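Letters A, B, C and D mark the chains in the order given here, with residues in each chain numbered from 1 onward.
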């Protein structure tokens, strides 16, 4: 099966990986390896690196490639999607082609926040697809809360139909449940070919997104193992169990989903779980106050009553 | 106690009231009375009418005054805050002064979404305070997700210090926990006088907002009785009970907090609870699909296991 | 000829009228009469009142109607378009229908600055057209620099084709020459019925807009008599003369077109010309510094060498 | 004199250089040399490369450095400022330090369009200054029309006072005349140290900017020789001559200043003048229609009556 075909039919959980840094701001390659092992053991079916959460804009060109390369190595045959969003097509192309040469399964492209009209959005993706090359499978990132670009279902269909190399939607519109239903409706009425839909938005609506037709999750919640379980339970038809597990995590998941500070919470929890060595971020960054750390501890303690994975050694 | 003093020291829950319409789009005054009685019985300590959730921009001048008047009548001595946000100061002044003459306790003012710099924001509130009159207590609405205006704690302090008639903050920044801590810190260090802080954002962080120093909630969740209980439990020091109750509601509360469609969910649930006769909205509006209605029913059924108030007669 | 037909085939200059205030901020009705007389003598073929330049958002409902009424009275059978842009449809409808009852020829509607997608824009105008009533001719205001809403030619065509009561475009996209060509091309290829196109943007490209197919101008430059002359010269085929006159005014016209402060310049020049009694604006407003006043005097003096109308008595 | 001191006291014209491409999209280094020679002969006192106009975001990292290097070589001891605006600090630092090593005089930094509050803006420049290194002189680019970031004079002062390596403002606020006066006022009252102010905005207000205290121009108008003359005439106190020359160019200059299509006009005129071999741009790009080309020819022909430099061989 080709990369394109694999991604187009992808299901499960592709976590958005953070980029681990050491306290001095340098890239922590050992933590990349540890984190990758954890993702694979948790049942993740792929991974996306160099996303917003991965602090991609804070790396220079050489560092970006080094991070992508290490994850690709660690994941072996499990697909790695590389975020190649850039201010221009030349830099996008360079990173995309170098990543594919290293073994990436595809790339993810977010729209610049200046796009407004339907034509601008469709035109941008056509140019981007051409820039990276028709042989490179790509993922649309639809995240209006961060990128301020609003794509209707019809525009997404237009991108899918115009560009054979479009294989997946990272869905994080908000609200977005009806968008999933609309896109799956397009597939049923034959007006759009099938693509994989993996959902972001911190997982805040994952419980219902699967029921609406999404194939799984692509987000950075610090318990990707829970995301895997919820998606699996839904697949098995165990709806109440899926919601029960999801609801137990919702207070923490909601806390993590705060814009800006969310990444600090995630890196902190991942460090608490032993998945990365340091919660350091590069500037610009939002730090956790002691009040916020205490709130996270309280949420973890409450969660531990329902999910033993949250029972961490107290600080 | 004057209106200004009452609002400045307000605590508890001031729900944001929806404006009930009949199916033909006319205002449903009988439901205003029924809803008001429910709010008062639930322990709400005040109310805010003609907010965004109240579909204020969809009323003409005469209708706005009629809605405010009816709520004021129904609430008696319990404070009613009237949203007077308008594209210009003349219309703002007219509605503010007419509402106060009818017995309103104060007015709420949101910033126009074109404001950017600190000076523009502070200047706007100074002009607005002068426009409505120095004798009219006013509430700052700080809701960047909807209004795109970002107010730092220092700018809010400047508004409070520059305008004696500023008595309250409707806090709905996101993320916003640190903002509450910062403002209470300003009070402790003597650089800002005390104002009431009531939190919006659909209540999504109410569990921790009270702990950070907020006085309560000002939001439109369809179970304001739960909001009252959580605020009361926190005041009584029953932290775990407060979180327990809040967490049980979080899946529905989160579902309601979706921009756009959230109002449809709320009116639907309020109609299901028998609080309003119709869930009709005026255009522009987002309607609930049958899938969404089924999701709400599922959430209500799950909630009913923890909170009997959610045990509604099946549709 | 009906109002709708008159506007649909309108040509010439419809100035955007300022709302004259006395120094105390009250409406200066005597200046409305004086200004109206000047517009009519200058050859204006219609007028638009209660636009952005007309400080419409700074009037309350009763004042808006009073201003519209006075202009309508003064203009007699010459068409008056009333700006009815409002945060909601109820207020829009009220002002529209009251204005039409007083004798307005039509209304102008600008989009709220939250609209993004093509569907949102087309949907908004469909709802607005229904709100004001199918019998009320309306003008689309397409001004992305101020309203942040980007309408492609295809979206404008969709609005025109979907709404028989759409009769005119106030064109002030920037850059916008190709948009005029595209719309006229739609008319030629039969995909869009004819509407009038009058150009705003302070007149900054009027010299070429007429050549591209626009029917004239709708803007507030303080020498509307020059706008009338340029449009007339272009109609007469005297291209070089049209550009010569336009170029002589361009330094001042460009100076007036500055966002924010532009209105202060215009009211100042109109007062200098004796057209209004005071240059007062209502808050929020940008005032002219003495440096700016001196710059305007210098521009007027330079202009007077080419156009005697600018030879004003020195201050 | 150090680089920092040279830029801090810079006056005259620093054109924003386009990046010349061949028709196949590759960089045209020969045209860089030709263009550089022209700039130097025209009296330009410096140059800025890799700005927005220079299509900087369309180059990858290696290409950016190659372009900067070639201009630096061609300019010799005349200062070259390199635009290093980037989505993150790592890429910014890399380009800044490599450029300085090649002989650049300083760097220019534009703010990301997500910045809103005064603190965010000041904080961003503090982090950027630290990222590129305290030894690298930098220029603030203040261009709200494109970047949507509004910097008050007080915020600019704060950046200047907080960062000793800040040496210049590329001023292109709109309207912006009062901003120049305010900043020069800060210098006079001792609250801000002196920096150079060079004005952009296509030169649309250059006639008055010099009179308000600006040191010259930094913009990409296709007749930089005219910009040099206007600045020189103003310095010599020949005000009427300066305005006369400026006014003759204003119709074309205004035409060039259209967002998006402006670059196409400039490259076309520069090609017509023989300064670059091709007017090719990289995607995304706006092309000139034949109607637009004819309009430019007409403007050039009219201009040639006043300025012989515009008398180009007809196409």
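Criterion: a contact is a pair of C-beta atoms (placed from the backbone, for glycine too) under 8 Å apart; a residue touches a chain by one contact, two chains touch by 3 or more.
Note that the coordinates shown come from a computational prediction; the quantities given were computed from them, not determined experimentally.
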Please identify the chain with the largest separation between its CA centroid and the CA centroid of chain D. B
Indicate the whole-number Å distance between the mean C-alpha point of chain A and the mean C-alpha point of chain D. 39
Per the C-alpha means, the centres of chain A and chain C lie apart by a whole-Å value of 48
Taking each chain's mean CA coordinate, chain C and chain D are separated, in whole Å, by 34
Two or more other chains in contact with one residue: find those residues in chain C. none
How are the chains arranged in terms of who touches whom: line, ring, star, complete or other? complete
For chain B, which residues count as touching chain A in their complex? 174-175, 177-178, 181, 204-205, 207-208, 211-212, 243, 247, 250-251, 254-255, 258-262, 289, 291-292, 295, 298, 302
Touch list for chain A against partner chain C, complex: 116-120, 149-152, 154-155
Which residues of chain D touch chain A once you look at their complex with the stated criterion? 55-61, 63, 86-91, 93-94, 113-114, 123-124, 127, 131, 282-284
